[in-house]
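You will see subunit A twice below: alongside subunit B first, and alongside subunit C after that.
After this line comes the complex of A and B, so read on.
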């Protein structure tokens, strides 16, 4: 209780920064902070493997990738973003508020929701690894295919077109 | 350490989802829309972990290990990373055409 609520609050605050800040790099760094704090929350909740994966993949790879892309496309466009802000924020709030309000209502009114967790879930990394390569093996294979396709596709998209080879 | 009620996690993840939705709907910069999508995916993952933590393992069959939540999150993170890579590659491709990541300038199909 003492630990979890401040972490949740900080996650939401840094997410608000990612949504609100006009400078793209600041917004991306706020998102990285939010994702890192979520990883800390996973570690505190006992999902150690997920917390570490979240650190490595989200904070270490996705956030860095986004910052790189921002640096490669830097044009100083935050002025147009700010001038268009009241209208676009009103539209965004009008669409997002009902969705979030519905979810919050469901979370508050869910009578069957547990108030406290059961005894510590007995989960070891070896259980997770064994399940991953037995019951979940087809899903792992599909994800491997998807990642291969993504690797090839991203390299193909992002490469500079060479005029002598592209005909 | 005593945990708060699961509602706290669910409410926080709902608000996180709403913030991501606002970013997707109101940002002009395509990369920052991707940031919003990551926030929404993160909210869904948070829900998975919260429900996994609070689920009662005694309702499961005897030999079953309750790891469905973390498994879903593992695959969700892998696919989110893939989505970010392809999304950024497409944005860089569009940037090469328009010299901008402003989505309002990608209007060459506009009549």
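After this line comes the complex of A and C, so read on.
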């Protein structure tokens, strides 16, 4: 328990850095740190597969995120720093509130955690794979679709505006 | 992770060549036990020495390779290569090391010094971590992980980020361009790399690298080794894996991120002295690691290539294969010109990824249709027909046009 507290603290700190830092690249690197530390937490808890997948998928994905962050902010050099405006504050709160409410209600309504540690479940890799491709296949497909849409949208935003002043 | 190297069995005599690479670990454990120190100290000391063995071996190999590479390139280009320091220039790596250590360490005034410092460190760490899970011999796997393959790719994800950090923190044009090139290249070539490795996982049913090597033991028809390379899907996946390796390791002809003639040295432009040496080292250690993985997955790891050669220590076979693979890397570097960035991306997305995707159903067929003659009969057309179609269309539309230059008509 004592071991996990520093990790949790570091995760929170780097997550705050991801939100507060002005330069998008710094924020993205903080996010990578936070995600990597989450992977360390998983590994420390004994969930090796999920920890390694967390590291591979998210830390690798942050590199791509940075590319898009740069592509989308490099147009004017001065706009590469994000400033918080009242309108974006309101929007952020409006987005964050329902999510927080959902989490809190789920936490309140959920069953209490067992006092004694449960017996270690025996989950093999093939069990995980089977579940992903049968019961959870729709969810995986939906996530894949959302990601593709986001990528296409980002590419559209990042494209140079089609002005023919130069031609 | 519960990957403590087991305490060595005392039944094996110390002069057994098979156990030679682990002799330092055994000696330290003996010393600790002899002094009557507690068991956990013996374990920790043994683990530390085992780690130092791997790092030491590959640091030495890095020094040796930097010389062999220059000598080989010189031979191909009909030169002598380094020949001034020591007999035939064999002390050149030492001279290089001293030069690198004593050079001035320059940090650009506008650079982000912390990220600038962090990047060369973070490029060596994943390479060393990845070297830790590879089975070098029958009884020499530094960290025998259950999910070794996943671990290898997971730590590899850090490389892209550190190359980007180097490019961005330098606040300079060429490093930035190099970093962007590196990310787009590595993200694109990681896909075929992983898809090619996935076929091996499907057929062996495990992600443990020592187990994958153990399954490749034995011989077909008495003399063909049962390596994954000698199956239809393995041949295709192996070739794809090798090409993607070259790109992942930033080697010529895919060394665009640091193409000297275009962007000085890419992400390493603003580095000097020992930090530059660290980049260099990280690149070569990464090359060793990824070649080692390729040998583990497709070339039978430490298995002997012919029956009756089992008396040679298994780690000798591993390093013999590693030398052969590295030599092919050098050969390719000496032979091929650097590709253009659009050719590079097109090759990854239009050729390598479809072909590596094809190896997955082929591996599944091979697994379920029996691994002998019926497997060959079913998987060979599945792979050969799309390959033919792909190459024909590629040659029609994508290949560089044949241009003939004649002397001007007088």
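Quick notes
We take it that the second predicted complex is superposed on the first by the 85 of 167 C-alpha atoms of A that agree within 3 Å, B and C clash if a C-alpha of one lies under 4 Å from a C-alpha of the other, contacts with A are read in each partner's own complex, and residues count from 1 in each chain.
Everything below uses one rule, namely that contacts are C-beta pairs under 8 Å (C-beta built on N, C-alpha and C of every residue); 3 or more make two chains touch, one makes a residue touch a chain.
Small disclaimer: the values here were computed from a predicted structure and weren't measured.
In the superposition on chain A, A:16 makes contact with subunit B only, while subunit C stays out of contact range. In the overlay built on the shared chain, the residue A:53 is in contact with subunit B and with subunit C. Of the two partner chains placed around the shared chain by superposition, subunit B is the only one that A:92 touches, whereas subunit C remains out of contact. Contacts of A:5 after superposition: subunit B is touched, whereas subunit C is not reached.
In the superposition on chain A, A:66 makes contact with both subunit B and subunit C. Contact with neither subunit B nor subunit C is seen for A:145 once the two complexes are overlaid on the shared chain.
Once the two structures are superposed, subunit B and subunit C can be ranked by residues of subunit A touched, with B on top. Shared-chain residue A:25: touches subunit C; no touch with subunit B. When both complexes are overlaid on chain A, the residue A:43 reaches subunit C alone and has no touch with subunit B. The contact surfaces that subunit B and subunit C form on subunit A in the two complexes overlap at residues 49, 53, 62, 66, 70. Only residues 25, 29, 32, 39, 43, 48-49, 52-53, 55-56, 59-60, 62-64, 66-67, 70, 125-126 of subunit A touch subunit C when the two sit together in their complex. Remark: subunit A residues 1-5, 8, 11-12, 15-16, 18-19, 24, 27-28, 31, 34-35, 38, 41-42, 45-47, 49-50, 53-54, 57-58, 61-62, 65-66, 69-70, 72-73, 75, 77, 80-81, 84-85, 88-89, 91-93, 95-97, 99-100, 103-104, 106-108, 110, 113-118, 121-123, 127-128, 131-132, 136, 139, 143, 146-147, 150-151, 153-155, 157-158 touch subunit B in the complex. Residues of subunit B that touch subunit A in their complex: 1-29, 31-32, 34-36, 38-39, 42, 45-46, 49-50, 52-58, 65-67, 69-71, 73-75, 77-82, 84-86, 88-93, 95, 99-102. Contact residues of subunit C toward subunit A in the complex are 1, 115, 146-147, 150-151, 153-158, 160-161, 164-165, 168, 180, 183-184, 187, 190, 205, 207.
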